[in-house]
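Presented below are the structures under discussion, each in the form of structure tokens.
In what follows, subunit A forms one complex with subunit B and a second complex with subunit C.
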Partner chain A sequence: MTGARLALAELRARPGRATLTSVGLALVLLLALSVTALADGLVRGSTGVLRALDADVVVTDEAANHQLLRSRLVGAERTALLMRPDVATAGQIGLVPTSASVGGGAPERVTAVGFSPDAPAMPRDTVDGRLPRPGEPGSAAVDVALAGGDVVVGDTLSLAGEREVEVVGLVDDASFLQQPTVWLGQHDWARLRQAVQRDADYAEQLVGATVLQSTEHPEAVATAITEEHDELAVTTREGAVAAVPGVSAQQVTLGAVVAVTLAVAVGLAALIGVLQVLERRALLTALRAVGAPARTLLASVAVRGVLLWVGALIVSTAATVILATVAPPSVPMEVRPVIVASVGGISLVAATLGVTAAAWPILSRLDPQDAVAEEPL
Partner chain B sequence: MSETGVPGDLVIRADRVTKVYEDGERQVTAVDGVDLSVHAGELVALVGPSGSGKSTLLALLGALTVPTRGAVRLGDWDLGTLSEASRTRLRARHIGFVFQAANLVPYLTARDNVALAGELVGASRRASRREAEGLLVEMGLADRLGHLPGALSGGERQRVALARALLVGPRLLLADEPTASLDSDRAEQVMGLLAGAARAEGRAGVVVTHDPAVAAWADRVLWLHDSRLVVPDGGEERTVGEFSRG
Partner chain C sequence: MFLGLAELRHAPGRFVVLGVVLGLLVALMTALATIADRHVTDLTGKVATSPADLLVLDAAAQGALQASRIDDEAAAHVRQHAAGAELAPVGEQRMGARVADGELLDLSLWGLDPDSPAAPEVIAGRLPRQPGEAVLDVADRAQGAALGERLTLVDTGTVLEIVGFTAEARFGAIPTAAVTYDAWTEIAAEAADADPDEVEPTAMAVRADGGVEELAAALNGSSSPVQAAPPSSLASQLPGVAGVRASFGLLLGVAWMAVAAVAATFAVAGVAHRQRTIALLRAVGAPRRRLLAALTVQLLVVTAVGAVLAALLVVLAAWLAPADVPLRWEPGTWAASAAVALAATLMASAVAVVRLARVAPVDALGARR
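Now for the complex of A and B:
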């Protein structure tokens, strides 16, 4: 407690200095947080389709190797999979890249998702309206990101400049490869595919991937199906997320940038901690002489470091939120609480350990004898 | 001496204590075979030229360092055998220090600087602050309780440092050039308080000084020269009478 009180007293007595230190750390943390938010936005913008589904195992043909867009499985496959005891239910989705315009506006790139009316193949939630019903032609549920968020239920959507559908519902966070999605019933999807892919015939069944809800651990189910079916590539939903083009590279690259930035921030915090100890060396030595244990002094250094870091986190989080708000829509920054909490939590622990580890060797070697003036001979 | 002139209980004793430092390949003897006893109610001054070893002897008496040879005993404790942690606890509970520079925490008020000594031995903050206020009032600092050290004069800072040293009721009070940075009036005031505190409540005091006016406050004056206690002819220590009080 004494160490914490010393730290608090110092911060109260020198608020300007504490603010300056926190702002300095906040600049580095701003970099870490904004890159993390950008990485998160990129990955989520590419994989919303998979997160929107209530499926935990994804099946593609072997050649597609878990990539939804390349898979050419037909619905018949799902019948065989449904017979398995480790599969609760199954559905089928098909993906077609195309374009869409709302109310005669400019066309934008979208991914049309055909889905079977089975639980794993349908978006879990709609934020408004509903999904197209089985056998209901000319209707679609669309991603709220379409048309810059200006789309509403009742709008008319022109797909590939050829087919018009009515928007009957809105889904959120369901994009694919940074493009909004349009969810269609089998008939509309097959017609659209025929229009977009001139060499494709009208498909009586959805062509794409099969998605499953398993009754056992998804990884075990994926392994078991793979072992029994050479022609299939089966993975968990997380595996399918990682297989989306670009996602792994983005995660690795931006993850490395975040890690390096955090390491720099932690190093900076440790350096500041060391400088503060060196600057107060005479005082700390005198406190050791009058009976303050080194751990009490370490506690004061650590608490001060934690408080400065928390201040820096607050400043950098506010700055990141502002940055994400003013950034153009083409910059996919997402400042989610979980991102702030994880970057903040990890960096706080790392910074505390860094400050402690850097300050302890100095504090533990302070010689209380130095508090008396005379040098030995 | 105590008020009756009869030596009180032995508080601290050094037996043939020697301190040798390593200086590269050279060995430097800072204190060489010193015998010393200080009794309750007694204030002893250590004087001598720079480098004579008086601060090192003070550090040995204050458990700030351990002797290379010989023994220092405070009550029943042989300071040379205690661990670093035990010596730290012992200093916090039984030894009060007043340094040349007051060495107060610059961001704590006078009251909280003094109370810190109580908190270091586990006393509650409230009780420590109450105790600190009483001591500071005794030191004539009733109107400076809430001031930061930067707002105090040198003499006031030393009085706060003295209050900090006395808060836990130490058995031994050690002072290192406590008036070196004060003018004579303030030095007189601080030494009056320090000498009174050193002699009170079965306590003993040792003060290191260059200043004859400070040494004049002591009951005994011990001279160090070349790391040894200089004992005048006949084995008698030099007395306070050999110094003027300025």
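Now for the complex of A and C:
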């Protein structure tokens, strides 16, 4: 406790001295938080369509290798899967890249998702309105990200510049490959596909991937189906998320960047520990001379470092939120509490270790006799 | 200057820690810049390296190749406005593929005629001229690709022989192959269970004898069914490119500020730590300029050492990185990052200079602390 009081007293007495150090720490933490938020945003922006579904197993044809966009499974093929005792229910989705404009505005790239009216193929939640009803033509539920968030229920959407549908509902966090999604019933989707991919005929059933709700562990179900069906590529929803183009590479690359940033933070903490001790060497020596144990002094240095770190974390979190708000829409930064908690927690532990490990060798060698000697230059 | 170097030799510990921190930051900046560049090249290389003067896409595709089809109306529009220009169809489709008996890969398969404005440039081997031949990008050697090796398209069972390699010509950050346009049409039709006559080109390549801008303007006229743009311009509009550039640019900006802040923290703390020494030196006649030079030299030396450390770290990381992490050792990028870090350090030293300038000779007597 004495160490903590010492640290707090010093911070109160000389707050200005801590300011620049805090700015340096805050910038390194801002970097760590920005990279993590960006990595998270990139992955979530590419995989929302899968996470929005209430499915735990994803089936594509073997050649598609878990890729939703390339899979050409026909809806009727799911009947065989439905007969399995380890499958509770099955649905079908089909994806077509196209463009959409709201109310005659500028067109933007979207992914049109055709879905069967089965639980695993439908988005779990709508934030407004509803999903298109089975057999209801000319209706769509759209991602709230469309048109910069300015789309509302009742708007008219022009798909691929030629097919118009009415927005009947809004879904959140359902994008695919950084593009908003438009959820359509089978008929509208098949018409759109025919218009966009003119080498494709009108599809009587959705062509794409089959999604399942399993009654047993999803991984076991995926393995069992794979063993029985050579022509299928079956994986868990998490496996399908990892198979989305670019996701695993982004995770590895940006994960390495986050690790280096945290290493920088630890190095900076060590530097601060060294500088704190060197800057106050004479005072710390005097405290040793009047009986303060080296451990108490170390505690004061560590507590001061932690307090600076917490202050820097608060500042950097606010800065990251501001950065994510003012960044152009093409920068998919998402500052979620879990990101702040994980980066803050890991860096705090690492920084405490860095400060103490760097400061202890100097503190433990402080000689109380130096306090009565001429002050060294 | 000698004063600064003498102190570096006398008390190297804290300079080493600062050098390591700056080295990690410069390595981070180098890695971020390299990854951003390589990632954009991997996403767009096939389009960016196209020798065509213009590439023409379906206007409704909004620059996304996967959503583009040039139908009869669009093709007629191009022929009408580009009379006299050389035109060639371009096809692109995603497929599953295996190199030799390797693992299943996602492949971007292009149809490009070898004697057309769309013909890619090969750096090894030759262009495909027969239906069973393909070129791959040299980056795909990591997947086992070699001249004479088999490339099997899983969707159709088509077996192609690799006859050449392109460079920096990947698309969508996945392995990228090119076959003749006719071969591509056959494969695309078989994959879609359609007739080859029904398969429409994804885009068209245009080679004009001058007047490219005027031609683009004519093709893009009002209510045009197509979007025409030079390959480099189209590459920058492809999905994800703006996001990658903006995101990594943002991170580089923050990293640059972090370098400046770390250097400033260290420099100011250094001045505070040596306040009485500095005051004494001032009292015995050391000019302020000399002390400023010593401080600046220390920061520059430590940053330079950090930059060398960064080079070693990036070389090591590039060597250890998995094939799908686009990290390479690129001396130009490292030099630019090191230069930016040096500039940031010099700017940061200005903060310490202000503080140092306030140290008066009388402080040596301990009157002001």
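Here is the rule we go by: the second predicted complex is superposed on the first by the 341 of 377 C-alpha atoms of A that agree within 3 Å, B and C clash if a C-alpha of one lies under 4 Å from a C-alpha of the other, contacts with A are read in each partner's own complex, and residues count from 1 in each chain.
Assume a contact is a pair of C-beta atoms (placed from the backbone, for glycine too) under 8 Å apart; a residue touches a chain by one contact, two chains touch by 3 or more.
Computed from a prediction, not measured in an experiment: that's the story for all the values here.
Residue contacts after overlaying the shared chain place A:323 against subunit C, while subunit B stays out of touching range. By the touch criterion defined above, A:12 reaches subunit B but does not reach subunit C. When the two structures are aligned on the shared chain, A:98 is found in touch with subunit C, with no touch to subunit B. By the document's definition of touching, neither partner reaches A:51: not subunit B, not subunit C. Touch criterion met: A:263 reaches subunit C, while subunit B stays clear of it. Of the two partners subunit B and subunit C, more subunit A residues are in touch with C. Once the two complexes are overlaid on the shared chain, A:84 sits clear of subunit B and of subunit C alike. Residues 375, 377 of subunit A lie in contact with subunit B in one complex and with subunit C in the other. Those residues of subunit C lying in contact with subunit A across their complex are 13-14, 17-18, 20-21, 24-25, 27-28, 31-32, 35, 39, 59-64, 66-67, 69, 71, 94-96, 104-106, 154-155, 172-174, 188-189, 191-192, 194, 198-200, 239-240, 242-243, 246-247, 250-251, 254-255, 257-258, 261-262, 264-266, 268-270, 272-273, 276-277, 280, 317, 321-322, 324-327, 351. Of all residues in subunit B, only 19, 21, 28-30, 50-51, 53-56, 58-59, 62, 64-65, 85, 88-93, 95-97, 99-101, 103, 105-108, 112, 116-117, 119-121, 125, 148, 164-165, 176-177, 208, 227 touch subunit A in the complex they form.
Within the complex formed with subunit C, the subunit A residues making contact are 17, 20-21, 23-24, 26-28, 30-31, 34-35, 38, 42, 62-65, 67, 69-70, 72, 96-99, 107-109, 160-162, 177-179, 196-201, 245-246, 248-249, 252-253, 256-257, 260-261, 263-264, 267-268, 270-272, 274-275, 278-279, 323, 327-328, 330-333, 358, 375, 377. Residue ranges on subunit A touching subunit B, taken from their complex, read 1-2, 5-6, 9-10, 12-14, 282-283, 286-294, 296, 367-369, 371-377.
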